[in-house]
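As structure tokens, here come the structures.
Shared between the two complexes below is chain A, which has chain B as its partner in the first and chain C in the second.
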Partner chain A sequence: MTAPKAVLAPRSPGFFAALAPGGRRALFLLAIIATCLLFAFPVCWLVLTSLRPGYAVYYVHRGGDFTLDNFQEVLRQEIVLKALWNSFAISTLATVLSLGVTVTSGYMLSRFRGPVPTVWFGAIYVFRCVPYVSWVLPLYFVTRAVGIFDTYWGLLLPHVAVHICFFSWIMKGFFDGIDPSMEYAAMIDGCSRWGAFLRVALPAAVPGLTALAILCWLYTWNEFLFALILTAQNTPILTVVMAQFVHELGMEWHLMSATAVLALGPALIVTIFGQKYVIRGLKI
Partner chain B sequence: MNVRKTYGGFVAVAGLSLAIADREFVVLVGPSGCGKSTTLRMIAGLEDITGGTISIGSKVVNGLQPKDRDIAMVFQNYALYQHMSVYDNLAFGLRNRRVAEAQIDAAVRNAARILSIEPLLERRPRQLSGGQQQRVALGRCIVRNPKVFLFDEPLSNLDAQLRAQMRLEIKELRQRVPTTSVFVTHDQVEAMTLGDRIVVMKDGLVQQVGSPLELYRRPVNRFVASFIGSPAMNFIDMAVTAEPDRFRLSADGIDLELPQRRFAGLGAHAGRSVTMGVRPQHLRLAAADAAAHEHVTLSGKLMVTEQLGDEQVLAVRIGEGDIRVAGVDPELVLAAGTRIDVAVPLDNLQLFDTASGAAIR
Partner chain C sequence: MPGLRRIAFDEKQRFMLALIAPAVLVLVFFQILPILTGTNASFRDWHLNDPKKTWIGLTNYAYVVRDQEFLRIVLPNTFGFMAASVALSLIAGLMIALLLNRQFPGRWLVQTVILLPLMVAPVIAAIMVRWMFNDQFGIINVMLELLGLPPVAWLTQKWTAFLAILLTDVWLWTPWFALLLLAGLKSLPPEPFEAAQIDAASAWRTFRYITLPMLRPVIVVCVVIRAIDAFRTFDIVWTISGGGPARATEVFSIYAYVEAFQFLNFGRGSAAAVLGALIIVAFAMGLYRILNRWVEVSK
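On to the complex of A and B.
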């Protein structure tokens, strides 16, 4: 018996194969540069605008007047400083609180079966299906009724709730990737169920947890809608303050840009330090 | 005793009763889903039991947490703590029990010496090979010096060569650290080579408990007979008729006569169907020295030969089915299609009730 011979159709050389290796590399490089430009351009424009005097913002591409006055002026405003601090505090607190809940909730979804995890999973699923925007108005009424409108709690709790819904799933995925027999071994080695979670499962989930913490922090830092509706004078938030440079007398682009650049700073630092963890964490 | 485990309506383990002697090495073996791992996890306390009692020593451990049962367990995928060094992995159990650090160090070094993993103590589990990881997992059990070792398919993630080596190492370890052990595997070779006693399970039911030789020579049913031994036992379904002094077993193209005095149990099966079972190793080509033993002869057509170097395994078509003949001289040249007579020694012939599978004695 003769084995049937595999017949390979001669493949027509593709567009890239036809290019010389050098040409292929050049094209690749070009594509990367184009993509980078696409993302970097708005940021560059923003930075440029923030350095221009107020009269020149519409002619950013012309003239050579540059100044740091915008930053000075912005930083003189008490509300901006307050907003910077508030945004930082809210982001950090929201990250800590929501991770605290998400870790246990994700662990439960990953390891336990029964009515409680099923109902919890269903609840998260339903909340995820509802458009984010439609929560804002009810939350406004609720926070007013409870008396926490325009306070830290009034913004923190909704943020934490959203994070729990979104990140419990991701956390479940992290724990799914960790072999449960490690915890069984720990239980046999003298740990309680909680001990096995805290001393073995949790340390193993640290890369994922770090990634989540960074994403969570950045998300809250950048968030606008909740901050806009759920806060007023007492708890200024940076994203909202930034938008308030648009008022009935016109738009103060130069000040807005300066504030935006200030807001960019912490986010940039977190991203630069965190990207290693985010990539590693999301890979597992 | 009489342990049961059910999940909803599904019975995972039905009424298992087993007493394990001190320092005995018991192997639970069976196909996947037979309840052997569940049984082990019930002993460990990782699964709660639906009914019955489990005792370790003289203490009933039903309600005890795994940590309070004084057991140690080796898992299929090693289950080493990835974020700790090998040293800390070994020390973890003792630290949980608040043992003095000097004592821990001595125990860890001792275990590392026994398993020759001393150079690896500062490494992370990730940096070790499969065999080394398994050794660390064994070490984690040794340092604890528990009442019982539990092994949950510890060798099945290793390649064949390493598996054979680790099997020997586990045997050696037993001589140095004799501890009561329960070993779960689906591999009958592991069961045969390691166990003082073997428990064969299927569908949550214990089929037979016995020493390796007992299981091999006197299986209580067709399942045990087919599960133990490699290549697997040959089975041929046949009809029984009683004649004076003898029983006649017949199937399509086969006609055998068995003396009544040796197979008295067959009397009750006259007129019914029985399954004849014989191990490939016990079959001989008729021309050879078979005449020395009382035997019956089957004749058939050679289909395929498998050369293994020190022996050949033949597949011979007899009637409708194929039987395998092992231990054939490797030098013997046989062409496919040749007529072959196979001698079946009566000493090694097993008979089973076709309907129930139970052995006929």
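On to the complex of A and C.
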């Protein structure tokens, strides 16, 4: 199954050459279709399940009854509405805060040499590796002690902390790709260091920042472990609410699926509108 | 050293510190401080329902490293899961990247479909898998039935549950590998491939001796990042099996969480978490060395 490189036609007799002229093309087409099916099927199945009425949900593959009642029933629950709003607010705020904090840190890592950047980079690498459980368990006590447990801040700031290490690293990459001579020129012309950063370097990094913002939003929207431990009744988060449904609703798969599709919707919209910015920003 | 006594930093140093100050502050208060709190708790008799907090030295650690559950099940599960998940998603991601590196009509559509798992929350993926692998009504068993095979109780046996979790993770992360490897493939210079074509090298030999070595830096970086993340997998295991049946599919994160928040022994859970952190940091350091050497060699 080693698909050959685009421009190359293998000339030595091999498996592919031994096939009939149309054979290789058919095999290629088959591989494409199989891949698409593998990746799309689970999501399609979820959507299909969410559209089935309660009595028909156990035999999704049979019968043709479809309904939107599941969504209505789920949206009638206050906790789901609250969780949708909370997830949206937390994701958006966390994105803004994380980017604001890491863009300067990445710029510093990219533009300066010496002991401070070296130590900071080492710290980032080490703390990026520390497993989340190792700090989210005691974080429960820390946020309680500070009095921000189960509030927006109590979830926002830990989320920013999660992003600091990885994003600083990626931001460094963005700024590494931007020629610093423009900033030097601006400084010679009387711009301060802050001016050079804010007016020259930052605008040049906007495509990368946009890409990272989209990824950060998606990541926070989908995050589970921090939300599970750091929130209670006051700030329900969508992923946690869904995981509770698994254990509480148990057999009500049509409602489960409807909630999951609701959670998938915003992520889907963000991805569809953001795809081109991500591809441009990360130069994929 | 005269510089040591000077407290005022010069203008450049002040700028550097101001740039990282917010990040350092958040990191210290919301990551380093909790890690220290956790380390402190791991040396104490700290039950959530009875926080005596008396110093008991290494008792919690001694319990964890002697716990048969931890040694025989959790560690092999964690590392087995890490190795299998990274290997499978790397191979699948590489194949998809090679597929997408060609031009064909509808390529854009295929790329969008393959991006799908990247936006699905692991919890949602886990719910999907639970439903699809449901022993009575799941579509997988329906398909088995169509093939004339007996239904399998997927999530109530250790290895089938483990397989379901593994496949979910591979499904979630293959697109990530595919995207980064595709970016790597596109940045390769065309000359070696043209030379190989002139020399009539077969597709396999071109791949094995040109594509793979040139792609190695990207592959190594992807594998290191993904391996470290796979070590701390929590959400899909928690939602698909909850560590069950009978704690048979617990991985390291689940073990620490269950000890701390279900058995309410916060000290012991913290000890497990600290041990896991030490293991993975040592592992990451080793990987970093290898990564540095490999990437330099190929430059």
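As a working rule, the second predicted complex is superposed on the first by the 252 of 284 C-alpha atoms of A that agree within 3 Å, B and C clash if a C-alpha of one lies under 4 Å from a C-alpha of the other, contacts with A are read in each partner's own complex, and residues count from 1 in each chain.
The definition used in the following text is that contacts are C-beta pairs under 8 Å (C-beta built on N, C-alpha and C of every residue); 3 or more make two chains touch, one makes a residue touch a chain.
Not measured: the values here are computed from a predicted model.
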item	value
Clash or fit (per the criteria above) of chain B with chain C on chain A	fit
Touched partner set for A:M171, first chain B, second chain C, both or neither	neither
Partner chain(s) touched by A:L51 [first = chain B, second = chain C, both, neither]	neither
Apex chain A: angle to the C-alpha centres of chain B and chain C, given in degrees as a multiple of 10	90
First (chain B), second (chain C), both or neither touched by A:V206	first
Chain B versus chain C as contact partner of A:D179, first or second or both or neither	first
Touching partner for A:L262 - first (chain B), second (chain C), both, neither	neither
Broader residue contact with chain A after superposition on the shared chain, chain B or chain C	C
Touched partner set for A:I188, first chain B, second chain C, both or neither	first
Contacts of A:L230 with chain B and chain C, given as first, second, both or neither	neither
Contacts of A:W221 with chain B and chain C, given as first, second, both or neither	second
Least Cα gap, in Å, left between chain B and chain C after the two complexes are fitted on chain A	10
Common interface residues of chain A - those touching chain B in one complex and chain C in the other	none
Residues of chain A defined as touching chain C within the complex	1-12, 14, 16, 28, 31-32, 35-36, 38-40, 42-43, 45-46, 49, 57-61, 100-102, 104-105, 107-108, 112, 116-117, 120, 123, 125-139, 141-142, 157-158, 160-161, 164-165, 168, 193-194, 197, 218, 221-225, 229, 239, 242-243, 246, 253, 256-257, 260, 263-264, 267-268, 270-271, 275, 282-284
Interface residues, chain B side, partner chain A - complex	44-46, 65-67, 69, 71-73, 75-77, 79-83, 92-93, 96-97, 140, 144
Contacting residues of chain A [partner chain B, same complex]	179, 181-182, 184-192, 195, 200, 203-204, 206
Of chain C, residues touching chain A in the complex	11-13, 15-20, 22-24, 26-27, 29-35, 37-38, 41, 95-96, 98-99, 101-104, 110, 112-125, 127-132, 134, 136-137, 139, 142, 171, 174-175, 179-180, 182-183, 186, 190, 193-194, 196-197, 200-204, 206-207, 211, 228, 231-232, 234-235, 238-239, 252-253, 256-257, 260-261, 266, 269-270, 273-274, 276-277, 280-281, 284, 288
